[in-house]
Amino acid sequence: MYFDFSDKVNCLRRKLELFMESVVYPNEKVYEDQLNCQSTRWQSPPVMEEMKEKARKEGLWNLFLPDREYGAGLSNLEYAPLCEIMGRSLIAPEVFNCSAPDTGNMELLYQYGSPKQKQKWLLPLLNGEIRSCFSMTEPEVASSDATNIETRIERDGDSYIITGRKWWSSGAGDPRCRFAIVMGLSNPEAPKYERHSMIIVPLDTPGVEIIRTLPVFGYDHAPHGHAEIRFNQVRVPKENMIWEEGKGFAIAQGRLGPGRIHHCMRLIGVAERALEILCGRVQSRAAFGKPLVEQGVIQQWIADSRIEIDQARLLTLKAAAMMDRYGNKSARKEIAMIKVVAPNVALRVLDRAIQALGAAGVSEDFPLAAHWANTRTLRLADGPDEVHRMSVAKLELREQARKRGKIDQE
Amino acid sequence: MYFDFSDKVNCLRRKLELFMESVVYPNEKVYEDQLNCQSTRWQSPPVMEEMKEKARKEGLWNLFLPDREYGAGLSNLEYAPLCEIMGRSLIAPEVFNCSAPDTGNMELLYQYGSPKQKQKWLLPLLNGEIRSCFSMTEPEVASSDATNIETRIERDGDSYIITGRKWWSSGAGDPRCRFAIVMGLSNPEAPKYERHSMIIVPLDTPGVEIIRTLPVFGYDHAPHGHAEIRFNQVRVPKENMIWEEGKGFAIAQGRLGPGRIHHCMRLIGVAERALEILCGRVQSRAAFGKPLVEQGVIQQWIADSRIEIDQARLLTLKAAAMMDRYGNKSARKEIAMIKVVAPNVALRVLDRAIQALGAAGVSEDFPLAAHWANTRTLRLADGPDEVHRMSVAKLELREQARKRGKIDQE
Amino acid sequence: MYFDFSDKVNCLRRKLELFMESVVYPNEKVYEDQLNCQSTRWQSPPVMEEMKEKARKEGLWNLFLPDREYGAGLSNLEYAPLCEIMGRSLIAPEVFNCSAPDTGNMELLYQYGSPKQKQKWLLPLLNGEIRSCFSMTEPEVASSDATNIETRIERDGDSYIITGRKWWSSGAGDPRCRFAIVMGLSNPEAPKYERHSMIIVPLDTPGVEIIRTLPVFGYDHAPHGHAEIRFNQVRVPKENMIWEEGKGFAIAQGRLGPGRIHHCMRLIGVAERALEILCGRVQSRAAFGKPLVEQGVIQQWIADSRIEIDQARLLTLKAAAMMDRYGNKSARKEIAMIKVVAPNVALRVLDRAIQALGAAGVSEDFPLAAHWANTRTLRLADGPDEVHRMSVAKLELREQARKRGKIDQE
Amino acid sequence: MYFDFSDKVNCLRRKLELFMESVVYPNEKVYEDQLNCQSTRWQSPPVMEEMKEKARKEGLWNLFLPDREYGAGLSNLEYAPLCEIMGRSLIAPEVFNCSAPDTGNMELLYQYGSPKQKQKWLLPLLNGEIRSCFSMTEPEVASSDATNIETRIERDGDSYIITGRKWWSSGAGDPRCRFAIVMGLSNPEAPKYERHSMIIVPLDTPGVEIIRTLPVFGYDHAPHGHAEIRFNQVRVPKENMIWEEGKGFAIAQGRLGPGRIHHCMRLIGVAERALEILCGRVQSRAAFGKPLVEQGVIQQWIADSRIEIDQARLLTLKAAAMMDRYGNKSARKEIAMIKVVAPNVALRVLDRAIQALGAAGVSEDFPLAAHWANTRTLRLADGPDEVHRMSVAKLELREQARKRGKIDQE
């Protein structure tokens, strides 16, 4: 509430909420049913394109991109309450062309792509015609330390040759997914953070081999999917190099800021929806002679959930506001903080809701278990909690030292 | 260690461990592959029967049943370390004919079944020829308070007619599952805890309708499955009534004691395996310039896991010993305590292992995510944590009052 | 940071910080030494009046009171960052005439006092000439439910007669403390929340008997002190009734809002100081071959502390802003939330700091242990955590119901 | 319960409980009153010697020492339930001559002392005529890593000269305290764990300067006290060296095992008493229309407390049993584990009791706050939690490696 939103944003919120109520929520089951009735789950159900078309007509499209030409021209702070609403449903972000990893990739291409790359890859993504994936994590090394990444990107004449194995390339299960942005080791002799590059690899290039998709707590996440991909001497034109050789870490810093905070915004929505489901349920059931809602423990859960959600939202908004004002780099402490907070808060609220619902909570009858599994991966994806805490500590110690120095000087 | 085990038990432990190493673990993937390659996942893969045969030959069969004639003649305390070992693999308990809910049902029929019921239903279960399910929980009421149960069991001549809806009837997905033990309301006018009965319902009786099986966090748990069943005026002979009308709660008390502690014993095994996987992994990977195992946080996780597991095991053994000495009813406080502790400890250790493994942890490449989902249900199944804590508190207050009274008298 | 502060506030912050550095921190030990060298600890050390005089000259006085005539004319939101700074030192709030319970009492008299009451009691308090206490909690009943309060206030001609026992009347140990505001039962036949009144009782009235002062974890909190007071048929003029009979709860609601949030603001300062001490210490000590600051566990503590403090501060500011905009009553959910959060966060940060400092942390060499003890009382004072959570849950459920209703209507 | 106790032990338990009921508890207040009424708090109140005499007559004396000649001849496992009972009252252990640090010192002298040292220092300690302290921790270094210890012990002819500063030499405030066992650096050139020695320093030796005693959360712990001591070139005869030069760490390992587990046994008693107080109180008070004991949250607290206490006791008994069977060194993992568990469990139970009692809980009216402060130091004394967890992790990893090796071999 204190982070007041402009009329424009409030208007979009209202519109988005109405769209969720009238279009998205009622289609959650339709989507799942269509998925199950198709010959394969690895194909987008028709209802998705229908919803996308409606959303685009309503102007609820590409809201994530701050640029006015390519996107909706909203700041991070303005986008936050909208992204939160989208996060409430697992199928919603795609409806508004605001789903990971595409938003991160679009942001990346927008910031670092060449005009040709933008023309060829960014525009169809912005139009929702194709999808993309991001190939960073590798099965053979502890990717929480990205300097471990081993996949090779080697220059060979006018081409680069990519060789290595990636996994958790999310989205590569979808037949509409046309290219991967691959992070790899291109300059092993360079200083530590200038050894890696990012390059565009069309998925139909010879040598790109999708080995399997990985389940998450039993969910296949079809048609999206989390792919393990082998790059067998994959040759791409040198024009596919993003920015230039050795800029992998520089780009990652730029890409991951918005990508991370979008996850957090969505997770606030996840937690809100879980709390709503919890509150609704405990008012309609009774045990041991009184409604669940009058059990002391349930009340403490509701309060703790509200307390944790409100704090997480405020921290998300603060981080967004700092990104807007001072840039992603200056806001990296706040981004790291909220990246720790948001998934953990959402998991706790989801877990309380599951516990309050009993067996129904772990099933498909409520979106709690699916959200839980998805959220659990976000304590790992884009860096595990512990690595983010390490960053927060280092930045904190640096600031404390600066403050002490200043005081000592006076 | 202090709960010393007899030579007989130690010999069985060693045998069981060897069997796990040589037969069960190597077949975990075989089992999953066969399941996926069959025309349907709802059919037991052949490797299961092969393993069962081997186990039976080795004398590793029905270890759970204290009776020497029907089972292995082991006390609860003796069975505990064996059951723990079986718990390490999701497919293991069935191999030894020691899996839920069949063990609970066999225990129940052994204790309360008529000679005819034993002949017809207990013996084939003991032989591993058929399987069974237990129909207690209902979708329409908060079943954490079992007095809420609404399914009707009505006498009609020489029959009983069952009408109602149940869910989470685990095991009913398996074509070998032949009957359900159904808890229902038979005597609505009787005192609160004498209104319900348990009755045997063969699944091929007309009117038994399996509506669907429920997933658990994305897992279908095939071929076992968690069924939602509608009982449409299902007529069974009056001989199927267990013990007699109105004994539902009395039986539940008797059945749930052993059933609950078996779950806990297995969960210690789950936690041990997770810790093993964690320890193995962190020694083989490095990040930020040193092996994961030298990171302070990882060491704290290992220590906390060991500390929690050892305490949980000791409490399980104490509860088992009390059941052996004083009976299930006298041990109900300890059973309630360990029913709270074991799943929570296992979940914490699993969660740390998942976090230490990164993305691999949530996938199918390690048994962590599958065990997590399964374990999560055990904070709900057989009563949610909060209800068990309520029982512990009541018993504690009663004991404290007794102690104060005694001191006051002196 | 996003809650931007005006130039006026930023200027006061800077001034206050300088004053803390140059006057307050260096005098913490002086204060303690003077206290110990006096003939009695129950007397304010001279350095306090010296500091007060300096603060007043600097215009750092009565910053808490929003009214421009009586106080500094700052809103709650403007006061928050200033109050936080004062909270860093246990002796600081009094220096600026901003210490509990006087601020709450001044607020109360300002809002509900008659002109005569203001003249006689409010003005000398505002001038820092006298001090006051607040007598609510009673030893004989669970005062977390204030309707339990039993002390009688009975009309007798032109007087009221007060009879009962109170404790935790904080501040009554100080010889400068001149009066208590007493909450008592005046109209037992009235509706539940209109039975109690608040009345001014000068401490030198016959029948006011200070039985003892209560220690807090070994601290006597001299010269302030937490008194147990017996009111033996204490007769005061009827003009001492505040507002009117039966308004006790109405006043309590009004008084406790600002009082509670002031506590929270100070606690953010407490936590910040603890984190500073922690960070300073771990950089100067080594164990097991490396500086403490490079131990992974210490880094996680620093990060968690920063994460928790920043969230707690944001929630405090939000609550303050809501009080300013919509009034104390409308902000009661946010006030309850922060009343739960702030002490728990401060306790956790203090505990981590103590653990990082080792034995030094529990001693008098650092302000950690003293702050810990003081903060621990704030999980009880002005309502225990559990009661506040109960309130949050009720308000949350009401809002959820309203939202559902609204959606249903559409 | 499963750790069955012999008749001898059960008889001692009963005797001890009766003694506590009839002598110790009623004298807790007497002790405190005498302490406050003396000219100084730094002198043992007469009631202590009266109680000691009674205890000795009852044969409740030196129960801690396994040796039959010097002590009661009880094993660690036998002593555990007795020590637990003593732990319930802060003044009890001394009554039975079983208080820290004297028990540790007696154990040390018994194991490593020369016949002359035993004659001169051990016997009067066993007789309760004198007391002693243990000087290990130093203010200038992180003593959690004992290799940091800097105090010098230098040979000079037939003497050793001790130079350095120690603090938290607990017990040195008591005028009956006659000597310190000092750990210091004697052989700086030796291998890391053979550089330090332990030596007996009579407190009346010239150069021993007690600078101050340190408070613990506001408690002075008089007449015991935690002293900061400067050793200014203190000369003691070479016969005071314990065992021999360079054996400091070897002795510490031996001493700390029993010392640590005694703390843990007492802490189980602390937690039990807190739970008793909690249960007693919540049955006698009401809020919001029902007794506190019927509030759901309170019930969860009681259950969690019982669950945690029972587990902690079982782990303590297991550690004690392992020490008895395999020796202190083999049990070091279990000792480290319980050293982490016991204080944390006791603190949690105490904290819940304080919260349930409200303001009374933090005062002197109940022993909760005093026990809390004392217990908090035990997360630091004899090594902080984090260092013990580090040890547990290392031992666990070693065992896991051994197990894997064994399995690989087969």
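By written order: A, B, C and D. Residues from 1 in each chain.
Keep this in mind: contacts are C-beta pairs under 8 Å (C-beta built on N, C-alpha and C of every residue); 3 or more make two chains touch, one makes a residue touch a chain.
The structure displayed is predicted, hence computed values, not measured ones.
Looking at which of A-D and A-B shares more C-beta pairs in contact, the answer is the pair A-B.
Taking each chain's centre as the mean of its CA atoms, A is the chain most distant from chain D. Inter-chain spacing, taken between the CA centroids of chain A and chain C, is 42 Å.
Chain centres here are Cα averages; for chain A and chain B they lie 37 Å apart. In whole angstrom, the spacing between the mean C-alpha positions of chain A and chain D is 52.
In chain A, the residues that reach two or more other chains under the touch definition are 295-298, 300, 386, 390. Put simply, chain C touches chain B in their complex at residues 295-298, 300. Listing the residues of chain D that touch chain B in their complex gives 1-3, 21, 275-276, 279-280, 283, 293, 296, 298-300, 302-304, 306-307, 310-312, 314-315, 317-318, 321-322, 333-334, 337, 340-341, 386, 388-394, 396-397, 400-401, 404, 407, 410.
Partner chain D is touched in their complex by these residues of chain C: 137, 139, 141-145, 148, 167-168, 214-220, 285-288, 292, 295, 297, 354-355, 358-365, 369-370, 372-373, 376-377, 379-381, 384-386, 390.
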